[in-house]
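Order of writing sets the labels: A, B, C, D and E. Residues in every chain begin at 1.
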Amino acid sequence: MARNRSALIALAALAAAAILPETGQGNYVMSIAVQIEILMCLVLGLNFVVGYAGMLDLGFAAFFAIGAYMTGLLSVDLHWPILATIPPAVGAALLGAVFVGLPTLRLRSDYLAVVTLGFGEIIQEVVTNLNQTGGPEGISGIPPLRIGGLVVTTNDGYYNVFLVLVLVFVAVSFRVRHSRLGRAWLAIREDEDTAQAMGIKVRRFKLYAYMAGSVFGSITGSLYGSAFIAIAPPSFGFNESLLVVMAVSIGGIGSIWGGLLGAGIVVAFPEVFRQFAQARLLVFGVVLVLIMVLRPQGVWPETGLGLDRAARVVAQFRGRRGEAVAARHRAAGVERTP
Amino acid sequence: MSWNVVFPDIVAGLFLGAFLALIAVGYSMVYGILRLINFAHGDFYMAAAFVSYAVLGAVTVGTKVNWGNVIWVGLVTMIAGGVLAVCVERLVYRPMSRAAILSLMIAALGVSQILENGVLNIPSWGSNYLPYPVTPPSNGFSVASVHYTWTQLGIVVIAVVLILAVYWIVNHTMLGTAMRAVAQDRAATTLMGINTDRIISLVFFIGGALAGAAAVMASLYYGQINYLMGFSIGLQAFTAAVLGGIGSVAGAAIGGLMLGILESVGTGLFGAQWALMFAFGALVLTLWVRPTGLLGERVGQRV
Amino acid sequence: ASASKPHAASPYVVGVSEPETGAEAQAGTEIYDGERLAADKINAAGGVLGHKIVLKEEDDACDPQTSVNAANKLVSLGVQAQVGGYCSSAAQPAEPIYSRAKIPNIQAAANSATLTQAGYHNVFLVDPNGVPESKAAASFFTKVLKVKKLLIVDDQSTYAVSIARLTAAALKGTSTEALPIQAVPDTTQDFTAIVNTARSDGATGIYWTGYFAQGAEFVRQLRSAGLNIPFTGADGSVDPTFIKDAGADATGTYATIAVLTSFLTGSAAKAFDSGYTNAFHSQPGPYSAYGYDAMYALAHAAKNAGSLSGPKVIAALHKVKFSGLTGEVSFAANGTRVGAHFVIVEVEHGTYVLAPHQPPA
Amino acid sequence: MNVISLSDMTVFYGPVRGVSGVSLTVGEGEIVALIGAIGAGRSTVLKAISGLVKPREGELVFRGDDLRRIAPATRVRRGLVQVPEGRRIFPSLTVRENLELAGFGVGGGRAQRRERLQAVLERFPLLGDHLPRLAGMLSGGEQQVLAIARGMMAEPKLLMVDEPSLGLAPQMVESVYDLLVQIASEGTAVLLVEQNVTLAFEITNRAYVLQQGEVVLSGPSSELADDPRVVAAYLGRAAASPAAGS
Amino acid sequence: MSRLAVDGLSLRFGGLEALAGISLDIAEHALYAVIGPNGAGKTSFFNCLTGYYRPSAGTVSLDGRDITRMAVPDVAALGIRRTFQNVRVFPRLSAHENVLAGAHLRSSASLLGTLLGTPAMRRAERALADEAQRWLEYVGLADKSRVLAADLPYGMRKRLEVARALMGQPSVLLLDEPAAGVSSVEREELVAVIRRTWESGVTVVMIEHDVELVMQLATRVAVLQRGRLLVEGSPEDVRSDQRVVDAYLGRRRG
């Protein structure tokens, strides 16, 4: 039931999203909307790694960077059309995923976090220091996206492009979640040792998680470059990685709808707080802490919106204790089991 | 490449490493007990530096060092760092004690934002690079034709002493055992008659105090402070803590020194732009060989 | 006379996009303050064509995405010009937004050559780009200091890297050998490794192209390690904070900077200095003067155009010419600053003075 | 004299009722069993006495003191000790550290701890071989023994044990039960939660039967063992005890 | 014919000899019980059979094939499934999803099929889901299918583990103390489940401290003590063996 309600809310949001460009919002709102969509795409990518497979990744922006730079280089230097640059971008990102994955997959989550962090820093360092990637200035003059005869140049246009991308990513995420692959990831997240007893090759599937994440990340990066015309190293640093992780956990780890909501919060709030001028990030910090303290399981956790508090109380009156306990666990979402 | 070239790099790395080690030990302890990547830890260091700046500034005339002042201001700063850490723990992390580790980490990011932007919004501090009120004298000694000051030496010595003290508490007292127990099972520790809240506060206090000590030393050494000085050193300290093996005091200390040296030697060998890559490369190698860090982590888990 | 009109004309709304938070917050604030000072002076003198300047400031955090948001926000607020900007990488993605809005986009301090390469007609860089600066620097190192081996160090920022590379290129084939460029992350406080590199590579001079705060650390650690080779900073290093933070070690260091000689000695600078200090209770930063000149460039252009309309002011900006704090201000066809003149300053008795030996042009 | 007495205690987990209106007492030297089906609330009673959960209503008196004013850790130091469900040993501490910590927690000095450790090891020689090893590496049964031994380190006045026989070999069950009988004879009050009711009735004086969070029956174990309701619900035809077969 | 042949199996942890030269054969049609004092090495024995521990000497073969040094997933692929002494269900997955996870090696989903949701793919998934539900029924958890495993009481979790293992269509099922902490009512259900499974042709090996249950079910019993095989034989033989009484059963059961 909770799932149906979630889906309903999501559908309503989607409908609202689809007509947003028609409502005559200015460029300001639309460009923020595009950024939200971009972060949503990244969140969905990271969700494979963090939400499904349960590995902490603090360098996810690396894949975003690989996609953006591949597209930037190929389209500006070699004049490839944007769409044609996506396959090599994805290929490069997959290589990157294997590169971090292979030597480190036997590490426990905490240790893995540092290695991924390092990978992210290294990628940023490389693009900052190489001449080929334009150094700290990055690459500019990335051509607009052409799909058939259609040339996307406006914010509204990119808004629609990314909206489609988000929808595709969401669909893929759901399909994968309820497939053999997704079940294997969740089993690994829950208990690696036990997962092996099911015949799950843990390391291989962890690598798949990285690879899946890298595919989403790099596709997003490719289109990002085209949407923003110019790319530069500061957009792909540790802070960007943190933003993605932040969106994932504000939304609710492993929760697709939550992650999307989290992306919205992470991008929109600092903008909403512009009125506080120099104190805007201070306000954002306070809000961030408040959200996490009040809803540590995320705003929209994997197991439902948590509107089932009412359900719990009802269950109690009926004396259905078992179900009430189940509801409590759901509401608590991700719990630290001792 | 000769010894004469590398030696100064190693020594230089030791200085950076000493600060890193101090911060990393605190990081590691907090990490060990709550499994929390406390992104705010570097900002405890930053905030402590500002406290010491204010206090020392108030009691100092001119820029000549009065070591007596520096020492008591140092102690005050350590306490301030400790108290700040304890307050953050009480107000933010404790109410979240049942939350996922990742949620705690994001809350820590929030705290970090609050501390940094809090300082940014204090008018007389703002985003300025503030010169530290005192400048230590430059007399010292030379090794291999490189000049080192007594202050530098003193800083390293004090760092080592502090770390040894903490090492002793954690590994050779029952209090330390209690800390490790809390990390594993809080309710069970309570059932041993131990006030776990107090233990956690103590860990945060020690971590904050070490960050405070590092803040005073680094400010003396580098001579200026800024509201963003904590984030990247915090990140490095976190890396050092993991390199050494999470929760291990000695590991964090060695990890800090090692990271300092790696970066410094890496700069010498490959240039500053690639030093970070060199350091992380070494980190990955280390973890490849030792998946739970240099000094490992005792993990009592079997099927 | 028009200034005394009670029902004042509609304001001239000018947007300012610069970093208010993050690592570059200080520089951003200093530019903004320079612009405020100029705006206040212009307003006190009756405004632009009778319209009082009203500044709308937005934070770009030196971050491309945030900068795009700031630009969109400013445009949505209906600003009639943008005057500000510090980080080239943040300024770049915002260019099309101002261009589409057909308003002048005057960059006070961002000065990467790429900013003018996209061909936007409305972009003007008040801060001259690295080419003249690196030329002056190279000439200074070979002809005046006669450095044998120069170690160039940057902080990986667009600005610093470009000066570093241009200088190294300009030194090719001269009597000064440029050692491999070192780039430190802009968060580094520890320069001992670089100092060691300088020593082991036998550097006889340093050119630091990053900013003042790290510059002060650098020179201190250089001196404390007993390495007394000449230290020269680029214009990003020129800041009272540098002198304050580096203390005694600042004395005798050089810097390359574009100013009129009168800035260091003349009354205009003094007035600016005291005006700034009175208004903001701190000393102007290295880019405050650029902010000041940027605002005046806009005001002069609007006055010449006789209109506040974007396209007209843009056209006028292409022809503007006046004597600013940072030298004569006028722009080449692509919007690059011309007329800037780089000099070498030296720290003496706690202030910057013109170095006795200037490089030959 | 009663070591512990609860009257009308009600515990909620959020909106969920754990137990309600529970009253019970354990006297000095007495072994009392708390039996009930899964989820009946037995562990909840123990947790409330230890202070791991806060009762919403009711009085808890431990040796004359109102427990509600006393922090959980302090209760342990006063001799109110629990061997919790699921062992809850510290897996990454050594066996010795596990034991010593229990002694430290209740404020024992170094010498006292050593002495106590000696006594405990005599009782459970099994642990002696494993002192320097990480507790998490022990076998399931060994961990259970460690948990009980840890409880003994704390010198309990009231010892609450939650399903101590879980995972223990028959012979080890005997040792543990012998131990309970012995410490009771030395004056300690024992509150025993045990799935294996037959076994529990062998050593207890009295028992309380919990159903859906409420005490539905109580009395001397010997009487309850013959009560048809108890036989039907807990002893069953299969006679869950390994002892019953012989 | 023996299904599992264990020969000279030894396992050391530093100075501790967890297993010392164990040799035994488990016949294809056996319901085999392993008993012994705490710390005797029973669980370690299981861990060696399933690839969790690498024995320091000796061999294990399944249907004549050497599996001694195989990795855990590979052993699972050969048809050995197990439960754990400390129940290891996937806490934040529903009971149904827990069981489905056991089918990992049985579904052969292609990436494309997964992404596109081809009809064949959907049919296969549907079939697996239905089967998982049937296994839940089999162990008496039919109505708990949507409950998170973490919310199930201990006894149910143990049965869930059994269902998960059975979902893998094992030829050998290893049960580590299935009856521990299980109430007398549940115990009867458990006995029935184990017996039915065995009757369906699965070789069952179980570790158990509940001697009655062992006597009731097992066709053969091995007793371990300090890593050595003390006695092996029929339940009756073992029960009356004085060494077993001394080392394991204790006086009350003598």
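The rule is short, and it goes like this: a contact is a pair of C-beta atoms (placed from the backbone, for glycine too) under 8 Å apart; a residue touches a chain by one contact, two chains touch by 3 or more.
Here the structure is a predicted model, which means the values were calculated and not measured.
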Chain-contact steps, minimal, separating chain D from chain C: 2
Interchain contact steps from chain A to chain C (minimum; 1 if touching): 1
Any chain in contact with chain C as well as chain E: A, B
Label of the chain whose CA centroid is most distant from the centroid of chain E: C
Farthest chain (mean CA position) relative to chain D: C
Distance between chain centroids, defined by C-alpha means - chain B, chain D (Å): 43
Rounded Å distance between chain A and chain B, as computed from the means of their C-alpha atoms: 31
Where chain B and chain E are represented by their mean Cα positions, the distance between them in whole Å: 48
Separation of mean Cα positions, chain C and chain B [Å, integer]: 35
Per-residue multi-chain contacts in chain D, two or more chains: 39, 88, 137
Numbers and ranges of chain C residues touching at least 2 other chains: 21, 25, 156, 183
Multi-partner residues of chain E (each touching 2 or more other chains): 43, 52, 84, 88
Residues on chain B engaged by chain D in the complex (per definition of touch): 174, 177-178, 180-181, 184-185, 187-196, 297-302
Chain E contact footprint on chain A (complex, rising order): 172, 175-176, 178-181, 183-184, 186-187, 190-191, 193-202, 302-303, 322, 325-326, 329-330, 334-335, 337
Chain E to chain B touching residues, read off their complex: 43, 47, 52, 84, 88
Chain E - residues contacting chain A, complex: 50-52, 71-73, 76-77, 81-82, 84, 88-93, 97, 100-102, 104-105, 107, 109, 111, 114-115, 117, 125, 147-148, 150-151, 164, 168
Complex contacts: residues of chain A adjacent to chain C: 26-29, 31-32, 35, 128-129, 135-138, 140-141, 228-235, 270-271, 274, 277-278, 280-281
